[in-house]
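Below is one structure. I have some questions about it.
Chain nomenclature is as follows: A, B, C and D, assigned in order of appearance, with residue numbering initiated at 1 for each chain independently.
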Amino acid sequence: MQQDDFRFSQSLRVRWAEADMQGIVFNGHYLTYADVGITEYFRAMGQTYSGETGAKGSDFFAVRTLLEYRSPARFDDVLEVHVRIARLGNSSMQFLIGIYRDTEILVNGEIVYVHADQSNRRPSPIPQVFRDAVSTFERLQPEGRLS
Amino acid sequence: MQQDDFRFSQSLRVRWAEADMQGIVFNGHYLTYADVGITEYFRAMGQTYSGETGAKGSDFFAVRTLLEYRSPARFDDVLEVHVRIARLGNSSMQFLIGIYRDTEILVNGEIVYVHADQSNRRPSPIPQVFRDAVSTFERLQPEGRLS
Amino acid sequence: MQQDDFRFSQSLRVRWAEADMQGIVFNGHYLTYADVGITEYFRAMGQTYSGETGAKGSDFFAVRTLLEYRSPARFDDVLEVHVRIARLGNSSMQFLIGIYRDTEILVNGEIVYVHADQSNRRPSPIPQVFRDAVSTFERLQPEGRLS
Amino acid sequence: MQQDDFRFSQSLRVRWAEADMQGIVFNGHYLTYADVGITEYFRAMGQTYSGETGAKGSDFFAVRTLLEYRSPARFDDVLEVHVRIARLGNSSMQFLIGIYRDTEILVNGEIVYVHADQSNRRPSPIPQVFRDAVSTFERLQPEGRLS
């Protein structure tokens, strides 16, 4: 994973309540940071995912999250949450996440979302308009189905 | 406020992620503890409030929370969250909260809920069945309208 | 409370994990927002309060928080957390908090901090340099001791 | 992963603030649940890990967390957080996590901790007394060095 591979990043500052007694960010909060990053990634790409997708009857659900903690973030650090879609399947997609403090990688990982029907949670195909938006937006083309 | 005034309490243990760099529980988490206490208070009283009240079109919303922090809770402390309804109005009610570690009061406060229509958030009367349940359950009768 | 009374505000966007099943921000998170606002208020005033105050042996501790919830914030809302010090006592100070969405007040409240020795938590006087910084920074002069 | 493989589990109830607008637990909270499980696992094994390990100059740090979300937990669900140590290395260990609602697996995963010096975060060997405690406690013996 290289910082240059990411076209998009979102900055945020570590909050007091997110640092633990060791003086470092508790691991669960990085999933919140990743989620903030993904929300802003969608916004930057012009694909709003603002909780209103439910109106259309489908939504994305996380099915897998992997994080590797290399160096700790601390209270008041400004972090850059890098996000890119590295794989687009029929109904699932994989995000790569890189959380940096300046050029130092602190946490990297991957998050897999499945596009599913909201009522029965059965997978449904990711719409073509979304694939097109990703393809246009990303610097590195994702693996998998673009059409 | 005296510990004996409360008929009900719910115990919980402080989680690692809830203690901050000062080694003490961040203030916002006490509102989560109070919320856990109120949920269990409702359960003990036989009035489920499990997020399904929406089906009936009304719900309770917090309109005011006041907490006073007297002594800090720390990681791994077992706390007793005491809850009682001290006032029942037409559409609002006031909870008193006392969070103890053994017999030592750590945090006390009050939380006011309004019973409201879910769609337009306009206040609606608290049902009589709820008033009856409170009256039967409580050691100290709440002020205000019981019928 | 008027928006104009505040010289300082900090913007933040509501995170997905902060909205509950009612679609609105859970009340405890507003204390996190207030804390973010106070941290940035200190920074804007040039008085860093970055958890390193412990080095000097004293720190601020919250002793009272009061919030009134007038209208709910929702996922993805951009909020402006307004902060000002309205009272400066010998060892305590009162913040007024106003959380707005544009010009609409959503939550208002007050937070009282005590300046205390870290080891025994006994109150210690707020340093004069801090009083001077507040007096210089604020639009409305706080009540209480400025010298 | 089978429920029977775990000797230990810790029950907890999903809090209101942990369910999101989809009505399901936000993914980051499962890492908090896992952390609660690990804390109680240590307690059950007689190896307190109560934040005071710092006194001895070393501590455990999470370096990797992997969670797979199979079925969502909802507000008020009672969950059983199953924990076991599946691998004991020289300075690292791997926990397997299985979060069940009754006999239904909702989330499974692994968490890797490194035992490290608190000041410089360099890995240090896991003490023999800890290995012995794990070996005595576990139903399935962990892979790796037990002595």
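The criterion applied here is as follows: contacts are C-beta pairs under 8 Å (C-beta built on N, C-alpha and C of every residue); 3 or more make two chains touch, one makes a residue touch a chain.
Please read these numbers as outputs of a predicted model, since none were measured by experiment.
Both chain A and chain D are touched by B, C. Between C-D and B-D, more contacting C-beta pairs join the chains of B-D. The most distant chain from chain D, with centres taken as the mean of CA atoms, is C. In this assembly, the C-alpha centroid of chain C lies 36 Å from the C-alpha centroid of chain D. A separation of 24 Å divides the Cα centre of chain B from that of chain C.
One simple way to say how far apart two chains are is to compare their mean CA positions; for chain B and chain D this gives 31 Å. Shown for chain A are the residues in touch with two or more other chains, namely 16-17, 19, 21, 23, 26, 28-29, 32, 35, 51, 75. Residues 16-17, 19-21, 23, 26, 28-29, 75 of chain C are the ones touching chain D in the complex. By the touch rule above, chain D contacts chain A in their complex via residues 21-22, 26-32, 35, 51, 54, 59, 61-70, 72, 118, 121.
Against chain B, the residues of chain D that register as touching in their complex are 15-17, 19, 23, 32, 35-36, 39, 50-51, 75-76.
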